[in-house]
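The following block contains the structure, expressed as structure tokens.
For clarity, chains are labelled A, B and C in written order, and residue numbers in each chain start from 1.
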Amino acid sequence: MKLGFIVNPIAGMGGKVGLKGTDGKEILEKARQLGAYPESPKKAKKALEILIPFMDEIELITCPGTMGEEEAIELGFTPKVIGEKKATVGPNDTEEAAAEMLDMGIDLLLFAGGDGTARNIYNVVGDKLPVIGIPAGVKIHSAVYANHPRNAGEVALKYLKGELETIREAEVMDIDEEAYRKGQITAKLYGYMNVPYQRQLVQSLKAGRPEQEESAQEAIADRIVSEMEEDVFYIIGSGTSIRPIMDKLELPNTLLGIDIVKNKELVASDVGEKQILDIIRGQKAKIIVTIIGGQGYIFGRGNQQLSGNVIRMVGKDNIRIVATKDKVVSLMGQPILVDTGDDEINKMFNGYARVLISYNEEIMYKVKGF
Amino acid sequence: MAKLKIRENYHQARWDEPIIYELSTPGERGILVPQPDKEIKDSSEDVLSNLPEHMRRKEKPNLPEISQKHVLAHYLHLSQETLGSNLNNDISQGTCTMKYNPRINETLATLIHHVHPSQDEDTMQGILGIYYKFKHFLKEISGMDKFTLQPGGGSHAVYTAASIMRAYHESRGELDQRDEIITTIFSHPCDAATPATAGFKVITLFSDDETGVPDIEALKEAVSERTAGIFITNPEDTGIYNREIDEIVRIVHEAGGLCFYDQANANGMLGIARAREAGFDMCHFNVHKTFGTPHGCSGPGTGALGVRDHLASFLPIPTVEYDGNKYYLDYDRPESIGKVRGFFGVAPVVLKAYCWVMMLGAEGLREVAEISVLNNNYLQKKVEEIPGVKTWYAEGRRRLEQVRYNWIGLEEETGVGTDDVMRRIGDYGIQHYWTSHHPWVVPEPFTLEPCETYSKTDLDEYAAVLARIADEARKDPEFVKASPHKCASNVVANPEEFNDPDKWAVTWRAYLRKHGKK
Amino acid sequence: MDKIVYPYIPNSVPEIKEQMLKELGLDDVEDIYAEIPEHLRFKGKMDLPEPLLSEYELERHVEAILARDKDCKEYLSFLGGGTWQHYVPEVCDTINSRDEFLTAYVGAAYADHGKYQAIFEFASMLGELLDFDVVSTPTYDWGMAAGYAMRMAVRMTGRNEILAPKTMAPERYLCAKNLCKPTIEIKLIDYDEETGLLDLEDLKDKISNKTAAIYFENPSYLGFIETQGEEISKIAHDNDAISIVGVDPSSLGVLAPPSHYGADIACGELQPLGIHMNAGGGLAGFIASRDEEEYVAEYPTQLWGITETTREGEYGFGDVSFERTSYASRENAKDFLGTQTALWGITAGVYLALMGPEGMRELGEGIMQRVSYAQKVLGEIPEIKVPLLSTVGFKEFIVNFDDTGRKVSDINRSLLDYGIFGGKDLSKEFPELGNSALYCITEIHRKADIDRLADALKKVLA
């Protein structure tokens, strides 16, 4: 088994000193001056440590120095190191390493970093390789990260041992750091990567058989399609739980954007805010959204097009939230979040909302608007 | 005081028992079948030739051929490789209420071995009387007006409740409109699964992160003119009593729905609080949990379903009635949902439960409740003293008959999680514990229910074993992860085979075929 | 009287209770119950009988109550119709009364290894009897198993109608019907009143592209053997529907298993296999099929599989937890399961292991010989028609009393004076069969028993 291992050693440095990310050389310098030290290698080791018992069966391929080599050697691995050691590490290094590993035919890529790192990997790897992220950055909106470094290690171990066959697509998202530091948040959905996925397969004696994630998504889509009303504009958001709806309708789907459907026909693809407003003005419209990324947002991350104005025009009662049960439970009781940048709209969502989790099942879940 | 002992030298029986087919020798017999009298044999022609050719069995079934002693020994071995509740400190299977199952009740139950349920009622006055009286006990315990004992288990009773809710709304012409059942995330899974089977949509209220029970605001948001009813457990499996339970019932009633109380966790409530006072329309009891009858490796059990008068006409047929003179079976109930099981239920379980209550009386039932709650709080104190254990939600509030704990601390520190501790506990002669129903809302969970059966020494032993394992996890996590070491068998090598159509084998013949044996 | 110390409640010893409270810093258990708001507390006293504190008193009490009952040992019984009196080998009772099996529950596969193996072996042996590779863990009873099987078919086909013969056991029909509500309809097919057999023309009329499955029983509730199994299955398959057959496994030593005449799913009752009637409490159902993914995915019950453990050569067991994947019919997607009848499954396994192939064949043949004799002897009684249906049966047959001018219920009451339970009264369930009773004969009946019935009937009808 060939395991690729990439550490973005500077990820997470900004967080402790309040810098909201380390994308860009100057910021990194600033972080260092403020006394930041590398967080990422420590976290990466926590994940890799889990693989120690399986060491002999893994061919570990990694990058020089703190990009993986040092962490691996400290834990007793004898990794194969690609590329040359550099004084400073940048996004290009991550992308180059990922590309080389892809060529070498690795079975899984384990990487440590934040949203920026995930984007770099995505640029090269796309859906060609299963990956699992070790959360080490300041910004973790991407769902490709495990919720804890150790979990990332466990998923990797199980996947390599052949115990996890389920793969799911997880969002790669990132926030414009520049804007973020100025207090504006514009998160964008960049794409999806394939992540091995661990879930309880234990059959509950009292609940019947577990439902597969894909099966639950299909069920959700069936429900949504079955309740579609005539002459209503459906604004279809992005996210893996939504995509099967467009598949059911046999309509082309904009993976990273918003589509509008009426009478089961496509009205417009990949629409922006203004276009949405123009189309639905004076018409009945509904929005279908799901939880995007790892933090529980339904609005304000990855779907900026669904602005406060759009929501205002559609009306809160015409918003249908969908997500699989696993996704809801993985929020660990934390509320679903709304951050449209429009205070009035955000506040409107405070309270509880129904989340459709299967054909005939909903969860009443807490929502928090900023 | 009984001595506290951790059973360090325990080892479960391990017979390395062959599969029964591997014990077979052609020609051996386990039992001979009574042959027809000679006159019958002589007078009847070849009866099998009366069967059309295609309906005749061509080849003998491939059953094993084994002498009686060897069949007996085989199953005795298998029994010894099974850790029954009467044998061990079975606090572990939280939510399952693993009580002592009295031997005398087993003996008395053999008295009805040969009763056929279609016998003339005059010849069944004894067992029908026991049904009737036991239903009276349950009415007193719950405050409901009428019971059925037909369902064969707890979920089966909850399903019957869902059927009755459907029939009720149908009778009022509102079924099309009222198609939603509300439940909570920590209610038993059957509270969602059985209404779904009965055709309802299910709305689950998530628990509040702090209190561990759903926010009343969530319920208010959930109810509407589409609400058919609520299915709710209280206390839920967290052991937390929902103090707003009557308010919940009021809100659902106001919306026009019915309220079903899942009383699988009733053990700490006997004589203390009843479904009636909280305003419920229906409730159920797992007779094989709360009323001391054996679980039988998972059945046969009995689910008792009680309803208030306005729902009595919907109960399954027949109901057991008494006319002042005679007990009888009433089939003439036109509004009934029909049947959920053949005849009138699992009579031996009802008989054993009747015996169990008769030996306790009202005062004894209250003692059951009080000791189960005391035991639980005592065990909680001991278990929470173990570094690495925490109890989620509602800090400072006392739990009733069970607690949902977690090993998050231990897992983070040592990498040894709840599944590992669970397996290791078997090495000390204790059945594996119940983690939690899926999904795990609380990570690394375990749920303990030390009902009245267990002594103080049992509780101390249990906590001491958990503490010992937590210690082991710190010293040698790999050893704990590799457990069990001393159980009847090891863990399976490739569990993923159970998900692989080319590998899974539910029967021996499938195993031989798929795994190239024979 | 001093405080009672209950034998089932060790901590009812007052000193222990006090000590535990003290450790908790509490004065009284009421301090814990303060969790329950005052207005929700039960203030009254439960109206329950005074307890029978000693085991001896309990024994006397229960024995006195049950002494009012008669049973099929004391009386000669010809009752069947859903639960049947067969001989129960002593080893069956020995095994199912072992505390290890009796009091276990959902323990893990390594600590309850024996339980898993016993259930796996039960499924293996029943699978041989049925000639199917997949057999469920035991479910509530035949009626529920039939309902579950119908729901499987509905999910697999995405269709919402089930066809079943009007001769389907009425109690099983009621169970299945309730389980199928509200979206699945069971339509009943006519039968031939001469033979009992399914009316194939009516079946062809009613089958359509809405039909998920045809369900029929063998032997049927009315005793006769549905000999058109192959034709019925073919009609089902020609319409892309599934063939489900409910079966009494005690017949399978001599009768062809449903899989041999086209059944895709079999279900049925385990009680005849070594389980006492228990006033109806001995029922336990099963579901079985071919080992195909689309079937396995739809089982509502647990399925226990075999594999190997981490120790070379050691068998291990676990749940075949194949996730639900097919959603042909979403509104019927979900089933529930729970505590069902595992102990009876283990018992049925013991029974089949004792009986072996020879035993099951002798059982079946011996029963059919006795039935043949009984029909001959009873047939000599004037004014009664036996058997009413012309199709060959297995262990039950209909006796019609129309010409006697007496009701079955009357006759049965008179038979009680002779210490006999007559056959089950069918006049309410099947009014079209007139004044008929369903008589059951098994291997427990001797010639003298059958002769005694004939004599008693002659006297009663005289």
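The criterion applied here is as follows: a contact is a pair of C-beta atoms (placed from the backbone, for glycine too) under 8 Å apart; a residue touches a chain by one contact, two chains touch by 3 or more.
For clarity, every value in this text was computed on a predicted model and none was experimentally measured.
Visitor: Using each chain's Cα centroid, which is most distant from the centroid of chain A?
Guide: If we average the C-alpha coordinates per chain, C ends up farthest from chain A.
Visitor: Which chain has its C-alpha centre closest to the mean of all protein C-alpha atoms shown?
Guide: So the chain nearest the centre of the shown protein is B.
Visitor: Based only on mean CA positions, could you tell me how far chain A sits from chain C in angstrom?
Guide: 51
Visitor: Taking each chain's centre as the mean position of its Cα atoms, how many Å separate chain B from chain C?
Guide: Using C-alpha averages as centres, the distance is 19 Å.
Visitor: Using mean CA coordinates as chain centres, what's the chain A-chain B distance in Å?
Guide: 40
Visitor: Any chance you could list the residues of chain A touching two or more other chains?
Guide: Where chain A meets two or more other chains at a single residue, that happens at 201-202, 205-208, 210, 360.
Visitor: Residue numbers in chain C touching 2 or more other chains?
Guide: Answer for chain C, listing residues that touch two or more other chains: 106, 319, 321-323, 331, 333-339.
Visitor: Hunt down the residues of chain B that sit against at least two other chains at once, touch-wise.
Guide: Answer for chain B, listing residues that touch two or more other chains: 154-155, 190, 193, 196, 298, 495, 499.
Visitor: What part of chain A is in contact with chain B in the complex they form?
Guide: It comes out as residues 50, 53, 150, 162-163, 165, 200-202, 204-208, 210, 325-326, 328-329, 332-334, 351-354, 360-366.
Visitor: Can you check the complex and tell me which residues of chain B touch chain A?
Guide: Where chain B meets chain A, its residues are 154-155, 182, 185, 188-190, 192-193, 196, 200-209, 214-215, 217-219, 221-222, 298, 412, 415, 437-441, 443, 478, 495-496, 499.
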